[in-house]
Amino acid sequence: MAVRVLVVNFKAYPTAFDSTAEALAREASRLESGLPVRVILAPPAPVVPRVLAIHGDVYTQHLDPVGMGAHTGRIPAEAARALGVRGSLVNHSERKMVLRDVAAVVSKLREQGLESIVCADTPAEAAAAAYLKPTMVAVEPPELIGTGIPVSKARPEVITESLEAIRKVDPALPLLAGAGISSPEDAVRAVELGASGVLVASIVMKSRDPPASMRSLAEALATA
Amino acid sequence: MAVRVLVVNFKAYPTAFDSTAEALAREASRLESGLPVRVILAPPAPVVPRVLAIHGDVYTQHLDPVGMGAHTGRIPAEAARALGVRGSLVNHSERKMVLRDVAAVVSKLREQGLESIVCADTPAEAAAAAYLKPTMVAVEPPELIGTGIPVSKARPEVITESLEAIRKVDPALPLLAGAGISSPEDAVRAVELGASGVLVASIVMKSRDPPASMRSLAEALATA
Amino acid sequence: MAVRVLVVNFKAYPTAFDSTAEALAREASRLESGLPVRVILAPPAPVVPRVLAIHGDVYTQHLDPVGMGAHTGRIPAEAARALGVRGSLVNHSERKMVLRDVAAVVSKLREQGLESIVCADTPAEAAAAAYLKPTMVAVEPPELIGTGIPVSKARPEVITESLEAIRKVDPALPLLAGAGISSPEDAVRAVELGASGVLVASIVMKSRDPPASMRSLAEALATA
Amino acid sequence: MAVRVLVVNFKAYPTAFDSTAEALAREASRLESGLPVRVILAPPAPVVPRVLAIHGDVYTQHLDPVGMGAHTGRIPAEAARALGVRGSLVNHSERKMVLRDVAAVVSKLREQGLESIVCADTPAEAAAAAYLKPTMVAVEPPELIGTGIPVSKARPEVITESLEAIRKVDPALPLLAGAGISSPEDAVRAVELGASGVLVASIVMKSRDPPASMRSLAEALATA
């Protein structure tokens, strides 16, 4: 059985900036050493160093399709390795880019030996993403993000059609599912539909006990 | 004599990500304790914590006009205080925003008791910036940025006309000058034209000895 | 008494594309020959020729800050004269641009001997607009656009402060007021506050009888 | 043999706005009645009515992913039918959109019984486009646009890989090829590689005799 993947996108929730960040980093390290689950944390850019000091498996939430140089307020994809992250989310539903920019960021990450998870709204976008040879593709119907209505129950065909679409391009490319995941069961259901893991945010970041919520998801994925 | 201001925008030069960041932070702290010059450092977002651990006077290069919440790959202006920075550059020539977004970021910073330096290309934009009641306005003709052709020599009227424009709105609002500053003399000349200090990037970040370049500028400003 | 100005922005309402366009053009021509009011019509780009065939005083709703050449889906400001329009709205609240692009479009229009009305959300933006030397400035608080809550009643200080701001730059520059104008009285009130006219959309375009609504406004402005 | 397709994108070349527009419209009508070639003309929005008065097969260069209503300086995809065009270019290399907006425009066109040609930079983008069920897909490597270096000679694999990519999704979907087409032979070569036609701009619009250039391309396609 392949290792399952749990990605926690901190977004810009208040907990992304307070000591929850460190608590999640410690819990993620513990989980990875005890369970066959990979836990990737994606904090806001200025919080990356604090998380990275505790847990090695950190992604940026976004990188810009530019090289190093005279750019203000941009984080060049080329700088990812210098930052110490393992990869980046790319083209998240809340930070969409035109496809040529997605391609540029994925390619710059690959050149640095780093990973990329390209997010897609739909099977069509997942297909395009697959052609860019990212590390993983994550599909999230934007209308379900943050709703608590899980994609794996409400729109399972988005997962299965995305799988079908990306397998035409690369049969081995892992697919993550996201949007509305609000319980460990939703995560298990996504895996049963063929996903290699889940991409979550509010279920952890808005929980009363974020590390415990993350642990429940990881444990469920471990047995899925 | 009012304290002069030196802002060093790290941009996304390679030196912004390597150990130069810490070297500049140490030198900035030393300079501030010895000279009547305020030294503000503006590193890329993921480098902010490393600089802040050494030097307290740090600005972000950009903040987004959004509140905390479900935003991926954005740094909410509302999060600035939680990050520990003292303020932010806003509307830099390489990260222009429409005016209503500039207004939103300045206002969110003020609500948190933080500072803002609004950048302007022209006297017209400087006038608009002044109405937003930022902490300072910085004028930089974009066609001179990074050229080594100093605004204070090549286009001194941009400084004097910007001063005139902002003084109609707020006579006490400090103006910084930037673009093409390539020697301590250029900085002195900007102050002679009425500026309260300078905003620089390449002269420091692309120098063979960035802390020494920064020191020369600070010393020149101290005696201007 | 200076001639009053009535600008009708067709926006993209259904009536902007049907035979209402021609009806408004005919009525505008009639009004201009009988009243001391200038009536400017601003239809969507593909409707410009139909309106222009009837009424000469037509503005585009937006122009792009590019020259003629290899641009797809853009209307270069440089092409305005070739299109036969008299000028353009610039920086409308629903089509904001960064200030350097506003400056570029205004300047390209002036070079062709054409007019520009730069829209502003606030007195601060109105001040910036005034520096660009447009033909007129129009101030519209975006939160009132389309609400039927008239700026001239609900936020008269936006008009008076904008006037004060632009007069510091150019005492002769005409100001138009817009947002929420829902009756001829609202237009009169705007003129009493110092505006040279009004910029309207929904009161005409969503009216049961658009030409009659436009006529009522023009008649009220004529006697204001 | 299926009918070949020739799309002439007027872009914003000076000839797009002068009497060349009518000359091309007349020639396009003549060509269609004499040759088994469909000639689609894509003028700038304000020129659409002039071309449409002569030649029925007109596309807009771009439509916005919005409905009719309070939108200034946008052309709603929903308004296409009211404008009388037969369809629209979507996502041209000079007017890229994020994929969800491409999907929205294609879908709004289909609902009105109209056509769409979705442009793609790469086979990956062509694959994504195919999932949206447009009328045709056009592939144009942006680095060759306007260069006179024909895609069909310099990068034939872009055409063949795009064909392969879209056929996995829909075997009957026609592919057009574009970028750098500078002679009738280049157009023929594109058809030999599997394209159903070509999308051109500068070869016609910057020619000394635009209608003659268009005729040469049409004649070459007719015999390909």
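Per-chain numbering from 1; labels A, B, C and D assigned in written order.
Going forward, contacts are C-beta pairs under 8 Å (C-beta built on N, C-alpha and C of every residue); 3 or more make two chains touch, one makes a residue touch a chain.
Treat the numbers as computed from the prediction; the structure is a model and nothing was measured.
Asks: Count of steps on the shortest touching-chain route from chain B to chain C?
Replies: 1
Asks: Please name the chain that ends up farthest from chain B once chain centres are defined by their CA atoms averaged.
Replies: Max centre-to-centre separation from chain B belongs to D.
Asks: I'd like the Å distance between the centres of chain C and chain D, where a centre is the mean of that chain's Cα atoms.
Replies: 34
Asks: Determine the centre-to-centre distance between chain B and chain D, using the mean Cα coordinates as centres, and give it in whole Å.
Replies: The computed centroid separation for chain B versus chain D comes out at 46 Å.
Asks: Using the touch rule from the top of the page, what residues of chain A touch 2 or more other chains?
Replies: none
Asks: Got a list of which chains touch which?
Replies: Going through each pair of chains, those in contact are A-B, A-D, B-C, C-D.
Asks: Report the residues of chain A in contact with chain B in the complex, numbered from low to high.
Replies: 9, 11-14, 16-18, 44-46, 48-50, 60-62, 66, 68-76, 79, 82-83, 89, 92-95, 145-146, 201-202
Asks: Under the definition above, what is the set of chain D residues touching chain A in their complex?
Replies: Chain D reaches chain A through residues 96-100, 103, 121-125, 127-128, 130-132, 142, 165, 168-169.
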